[in-house]
Amino acid sequence: MKRIHALLTAVTLVLGVATGGFAADTIKLGVAGPHSGDLAPYGIPAMKAAQLVVKKINATGGVLGKQVELLIQDDQCKPEIATNTATKLVTEGADVVLGHICSGATKAALGIYKDAKVPVMSPSATNPPLTQSGDYPNFFRTIASDDMQAKMAVDFAINTLGVKKIAVLHDKGDYGKGFAEFAKKFIEESGKAEVVLFEGITPGAINYDSIVGKIRRDKAEALVFGGYHPEASKLVSSMKRKRLKVAFISDDGVKDDSFVKVAGVAAEGAYMTGPRDLSSIPLNATATSEFKTEYGTDPGAFFQEGYSAALALLNAIEQAGSTDYDAVVKALQTKYVETPVGTIKFDDRGDAEGVGFSVYQVENGNFKELK
Amino acid sequence: MAEKHKLLEVKGLTMDFGGLRAVDSVSLDVCEGEIAALIGPNGAGKTTFFNCVTGIYTPTKGDILLHPKGLDTRRLNGLKPNRVTEMGLARTFQNIRLFADMTVLENVMIGRHCRTKSGIFRSILRSKGVRQEEQEIVEVSYQLLKKVGLADFANEFAKNLPYGAQRRLEIARAMATDPFLLLLDEPAAGMNPQETAELDQLICKISEQDRIAILLIEHDMKLVMNISNPIYVMEYGKKIAEGSPQQIKDNPKVIEAYLGEETDA
Amino acid sequence: MDYFLELFLGGLTRGSIYALIALGYTMVYGIIQLINFAHGEIYMIGAFVALIVAGICTIYGFAGISVLVLAAIAAIIYASAYGYTLEKIAYRPLRGAPRLSQLISAIGMSIFLQNYVLLAQTPDFLPFPSLIPEFAFMEPVAHIVGSSELVILMTTVITMILLTLLIKKTKIGKAMRATQQDMSMARLVGINVDRIISLTFVIGSALAAIGGVLVASYIGQVNFYIGFLAGVKAFTAAVLGGIGSVPGAVLGGLVLGWTESFAAGYVSSDYEDVFAFGLLVLILILRPAGLLGKARKQKV
Amino acid sequence: MLKINNIQTYYGNIQALKDVSLEVKEGEIVTLIGANGAGKTTTLMSICGITPPRTGDITLDGDSITGLSAEKIVQQGIVQVPEGRRIFPDMTVFENLEMGAFLRTNKQLVQQDLNYVMTLFPILEKRKNQLGGTLSGGEQQMLAISRALMARPRVLLLDEPSLGLAPLIIKQIFDIIKQINKESNTTIFLVEQNANQALKLADRGYVMENGAITLVDDADRLLENDDVRKAYLGL
Amino acid sequence: MQGFKQSILVSIWFVFLTFPLMAVRVNTADRIVEWRWMNMLWVAVASFVLSYAWRYMLARKQARNKSEESGQQQGRVQVLLEDMGFRYRAMGVLLVLALIFPLVFDTYQNTIMISALIYVVLGLGLNISVGLAGLLDLGYVAFFGVGAYSYALLNHHFDLGFWAILPVGGILSCLFGVVLGFPILRLRGDYLAIVTLGFGMIFKVVLENWSDFTFGPSGIANIDKPGLFGIDMNIDGSTLYIYYIMIALVVFTILITNRLRNSRIGRAWIALREDEIACVAMGIDMARTKLSAYALGAFWAGMVGVLFAAKTTFINPASFTFMESAIILSIVVLGGMGSILGVILGAFILILLPEYMRAFSEYRMLAFGAAMVLMMIFRPQGIISNIRTKYEYKGLREETDNG
């Protein structure tokens, strides 16, 4: 019995030394998000962004003279898989992590990164408590949180458009419903308008005619929708078919080329919030063209944010001079970095400063920034 | 001779399916110690009659009364099959309905279910009482297997038994519920003459040793005539004759029912 | 009143799509008592093939209703071919196996086909070219029904009439009914039952493809995942109407469509699905064989 | 014409037919009688390819039909009227008849046969558009026979046509079987429990017990044979 | 030669079949058409080769069926497994391996193993209703959700600890099973399947919409990990701790399901699966037996749901989709219905394989689907078919001793 015990101790010791003793000759950038399953469209662009950034940086000598190695893990946006993914990344020695994509998965995974002292930056997790609760000091994001967007959307509806009756809809998802709930709260707080309808629609349903009829019945003047572009296009198409003319205001999940392409003319005149116009930022054009040469198509959702996050993380390591957690976090919070979403640094809660938000309107098939 | 004690008394049983009257006011008694038989050509309504008595169907009309010895009379109409079995009336099936993927022994053990009582929690804890009960179930079941001559196959899957053995296993399983009346639905079907002869003995043994009354549906006339008295004959849902084997053999209505009209032969 | 009509028509549109897909479930179930779980994926493949054909045409400069017809034909051919192959590969070797094995095989096939399309094509939502000419009705009719709804309703009605004629009047349709009612008797009159089963899959798949094309052009987008929800809903519709019964599938589809539409309109769309499935549970408890289904009597 | 040589048929592990051989000559009516469960129906199902025999051979006019699929066997002209009639319950009488002619392509001849069965059973004409499931037992039996005739069988296999029918109707049906045999020279193989009726009708008879043939003889002689009675009543 | 012709035909058919989806890629958004002719070549070659394999396997299966009909034979593994002594020894070895596992491997491996063990318990639970009692449940994940949410909510609102809620979660889930079970008991087979599927979906919809109670789709975060006398643990420590809890839970589950299976109740379940009518004719109360199977199955899902919530520290409705139910069901069926060892193996294969195949992450669901189909066709009894229980008969020994 004693012998077995001794053997075990020896085994653990050897393994412990083996894993801990590796000299870190690369910088390891973990990438986590849905790369398979129905939510893959939201994860793959960020993953490709990371690949592009790393390729470019490695070609020019890497970070701190070391090559950057990518550790890519699929979390399918599921919390339970995300914890596995996170553990895997941590044990593989990821120095920083780009991800996760969905807020739920991010929340589930953050505890593990926190314990392992790994800074995490999400290009897409917009759930406010992620930064506002203070529970996750290692969390950063290159996208604005839902409440900021909701506030902007509501202000726009009430002050610019001057509507009094607003219908608020969402897709029952964590992102959409979060946005919608904030919107409702802000509308009620403003006292200038009322929420005449607050409901969730079923994603994937064949039509939304009932809900469109309801908007008409309740005489709403504007519709605030929280969710993603597939449902948004169905909604605006349905509204157009049914000749319902109310202002359609939505979020960043809808500000996607697919929305305009799918909804076509029905999308005309729709408003949505999104990061301020990036086309003037040189890096944005560069990133997009890199993607186009590599993959031949337009980049998808969260590509710019993913690209920015990868740049910001690697830049922070470079600035910090090491992969030490405190140094990297400090660099993220103090040093500005130029990214496709602007020149940014992060506040002490983890939200990016310098990521501006604007309201856009679809005009002739393009998103036009409203100043 | 003193009046025999009636165990099962069926009065005017009628069963309709939609417009079809499958059983038409049939009355029948089974007394203590009897081996009664219910015969008749295919489609005469015998199995439907069984199903009514054992609670699988609820009869349209009529009374099914059970007179257990020393207990109150029970009316079986509309009771669920498991309640009927609990009252001491067990059956076998025409198209063998064994639990194919369970062992022979387990099949019989299932029969003990309604006579034992350990529940979920006690089974989990597996207290002494439960273990004793289990052992008792095994022993009773094993004895029954020995009685029907299947003890050697106790750990085989039921589906792997030969046909005749499966029929006997059904009988053993029914016996395990401690019935005082056993309903056998074509126990000899598909058996070869030797198996039938063994079955003949088995049924007599059950009747004599275990003092279980038996009501059987059977097509094998040799078997029926050998062992049963009285015999009831059904045709087109109606009872057309009853009596001793000899009476039945000589009854022209019965012969006609079986061999067809003979008037101009 | 026009709110009611609007909901009614919205439900009708939805319901007719459900009915088209439900027919495939019900016909297959009627013959071999198998829940063809991959049927939703056949619908999705139909929509995808239509998208590919319509996409190529529009990119090379063709448009209009004739492209839609061409796309629909391609969708029907391919969905049928997939349905046929599906039966050959995943179900025929399991004929006579326990129901559960068949169901698992069906679920496996569903997962496989979904991921096959995901990998072979793209996970993104792709826009389906708008090919149905828009024409406007006068108000207030316009906000109750539009041209796309009309196309869906008309196509569904025509398809249903054709299907009914096929089943009622043609020799092959009668053979299908015969097989459904008594398979071994059907063999005894000389019907090649295997062929009839294949044919059932082909017809069911073709109907699903029609549904797929209609939905794709109606909502204007397609991706690899649309089959799942549509499949589950259509299956619910089939069970609701009485699985195995063709008119039952149509009725079930419509009832489900209306339930969802009215639930969303008069109660809340939050709980649309709860109403749909709640109705199913309720009906099965009251009428275990579904609205028009026949209880199969078990022989004892 | 139809010859069965030493077939053995199993259901799973259970042997239902033990070395059964029999022969039906052209134009004959042959009957196979025996108590319930003797294996009569299995014999028919083995001929028709529904439960193919494990060993042995079945030939039609000298050509083996063992192992052919059921529909091929129908095509060869062996058509069965199964036990319990097996009418398609949700199809009309007319459609049931059409199904009988499923494999035939000559519409004219089919029409001719349709008229023929309608004259055989005038009641079917009246019930033409009624669903098969709503017919009475006797009518269903008539329909089942007519459906089989629609295939223009060379050998007609009948499984217990008297099952559950009133004596008057049985007589009617047996008369018509005789008529069919005479008029269109259809060979008939009749499986019956109702031995007296069947033997009176048939030319020759086989007696089956426990999956094996125990007696073969001319029908008249079997009718007199006491062993037959024993097989039934256990006298 | 015939095989060659057949394979050529198969190959042509598949080229035709896959043509639009494999050879063309249309991006209607960017108006790009991409032609990928090479894919067609791959399809042709692959289907040609696979059709040979397919025929070979089918022929083998048929040969096996024949030999089983004429006389049954068992695989060597099966025989070995029926040897009680071997089973006990094997179980002992497995347990020791399980206990030293986390000491040898890193935290990631432990996390993965915990996931697999969670599915082992889920599989064993579902095995009670599907494998033993034959009640097909496609909404089993709802019970898992009930457990997870009971812990998350009670922990969130009342700060109740893991150990207090572990049994509570099980019991709540069990009650939930009884309440749902009642109305659907009379439904048979496929109807039961679709209704349970519906329940599963309703459950998720309610989770998403009843925000005041369930916190809606954004879920519940910062759920406490299981505590150990207030000791503060780092991630490695708590993973290790959860791992051992999980091992204990698995052992507990195996012990109890095994006892149940070999009890009077368990036999009634199996009998119910085999033949309902014969079962009631033997005096078994069908409603009560079904309900007990359904509720006990739910109980395990509830228990392990609590642990799941504690492990991930965050739950939202996205974890309780139909896919999960399908995967759990597949575990039971692939492993071998009714077989405890089979279910364990099934869970390991279905959960660990995709984890370790992360490199092929895109293809793993494809392989998963295909594997399900192939298993059903070529090994429908599952990896390990049910092992028959042998009962000892005391009297027998005495008899032989005397004789």
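Should a chain be cited, it is by its letter among A, B, C, D and E, assigned in written order, with residues numbered from 1 in that chain.
In this section, a residue touches a chain if its C-beta (ideal position, glycine included) is under 8 Å from a C-beta of that chain, and two chains touch if they have at least 3 such contacts.
The shown structure was predicted, so the numbers you read here are calculated from the model rather than taken from an experiment.
Chemist: So which chains are sitting against chain B and chain C at once?
Modeler: A chain counts here if it touches both chain B and chain C, which gives D, E.
Chemist: Counting C-beta pairs in contact, which two chains come out on top?
Modeler: C-E
Chemist: In terms of CA centroid distance, which chain is the most far removed from chain D?
Modeler: A
Chemist: Where the centre means the average of the CA atoms, what chain is farthest from chain B?
Modeler: The most distant chain relative to chain B turns out to be A.
Chemist: Determine the centre-to-centre distance between chain C and chain E, using the mean Cα coordinates as centres, and give it in whole Å.
Modeler: It comes to 29 Å between the two C-alpha centres.
Chemist: If you average the Cα atoms of chain A and of chain D to get two centres, how far apart are those centres in Å?
Modeler: 75
Chemist: How many Å are there between the centre of chain B and the centre of chain E, using C-alpha atoms for each centre?
Modeler: 41
Chemist: Which integer distance in Å separates the CA centroid of chain D from that of chain E?
Modeler: About 50 Å, centre to centre.
Chemist: Two or more other chains touching the same residue: where does that happen in chain C?
Modeler: Residues 115, 124, 127-128, 228, 270, 273, 300 of chain C each touch two or more of the other chains.
Chemist: Which chain D residues touch at least two other chains?
Modeler: In chain D, 12-13 touch at least two other chains.
Chemist: Which positions in chain B are in touch with at least two other chains?
Modeler: 56, 93, 160 - these are the residues of chain B that touch more than one other chain.
Chemist: Hey, which residues of chain C end up touching chain A in the complex?
Modeler: These residues of chain C touch chain A: 3, 6-7, 9-11, 13-14, 17, 115, 118, 123-125, 127-128, 130, 139, 142-144, 146, 148-149, 215, 218-221, 223-226, 228-230, 260-262, 264-265, 268-270, 272-273.
Chemist: Note which residues of chain A are touching chain E in the complex, please.
Modeler: These residues of chain A touch chain E: 8, 11-12, 15, 19, 35-37, 73-74, 77-80, 82-84, 87-88, 90-92, 102-104, 107-108, 111-112, 115-116, 127, 129, 135, 172-174, 176-178, 181, 200, 257-258, 261-262, 296-298.
Chemist: If we count contacts the way the header does, which residues on chain E are in touch with chain A in the complex?
Modeler: Listed in rising order, the residues are 27-30, 32, 34, 100, 103-104, 106-112, 115, 205, 208-209, 211, 216-219, 221-222, 234-235, 239, 308, 311-316, 318-319, 355, 358, 361-362, 364-365.
Chemist: Quick one: in the complex, what on chain D touches chain C?
Modeler: Residues of chain D touching chain C: 48-50, 69-71, 74-75, 79-80, 82, 86, 88-91, 95, 98-100, 102-103, 147, 151.
Chemist: Contact residues on chain E for chain C in the complex?
Modeler: On the chain E side, the touching residues are 13, 16-18, 20-22, 24-29, 31-33, 39, 58, 61, 130, 136, 183-184, 186-191, 193-195, 197-199, 201-202, 205-206, 209, 277, 322, 326, 329-330, 333-334, 337, 362-363, 365-366, 368-373, 375-377, 380.
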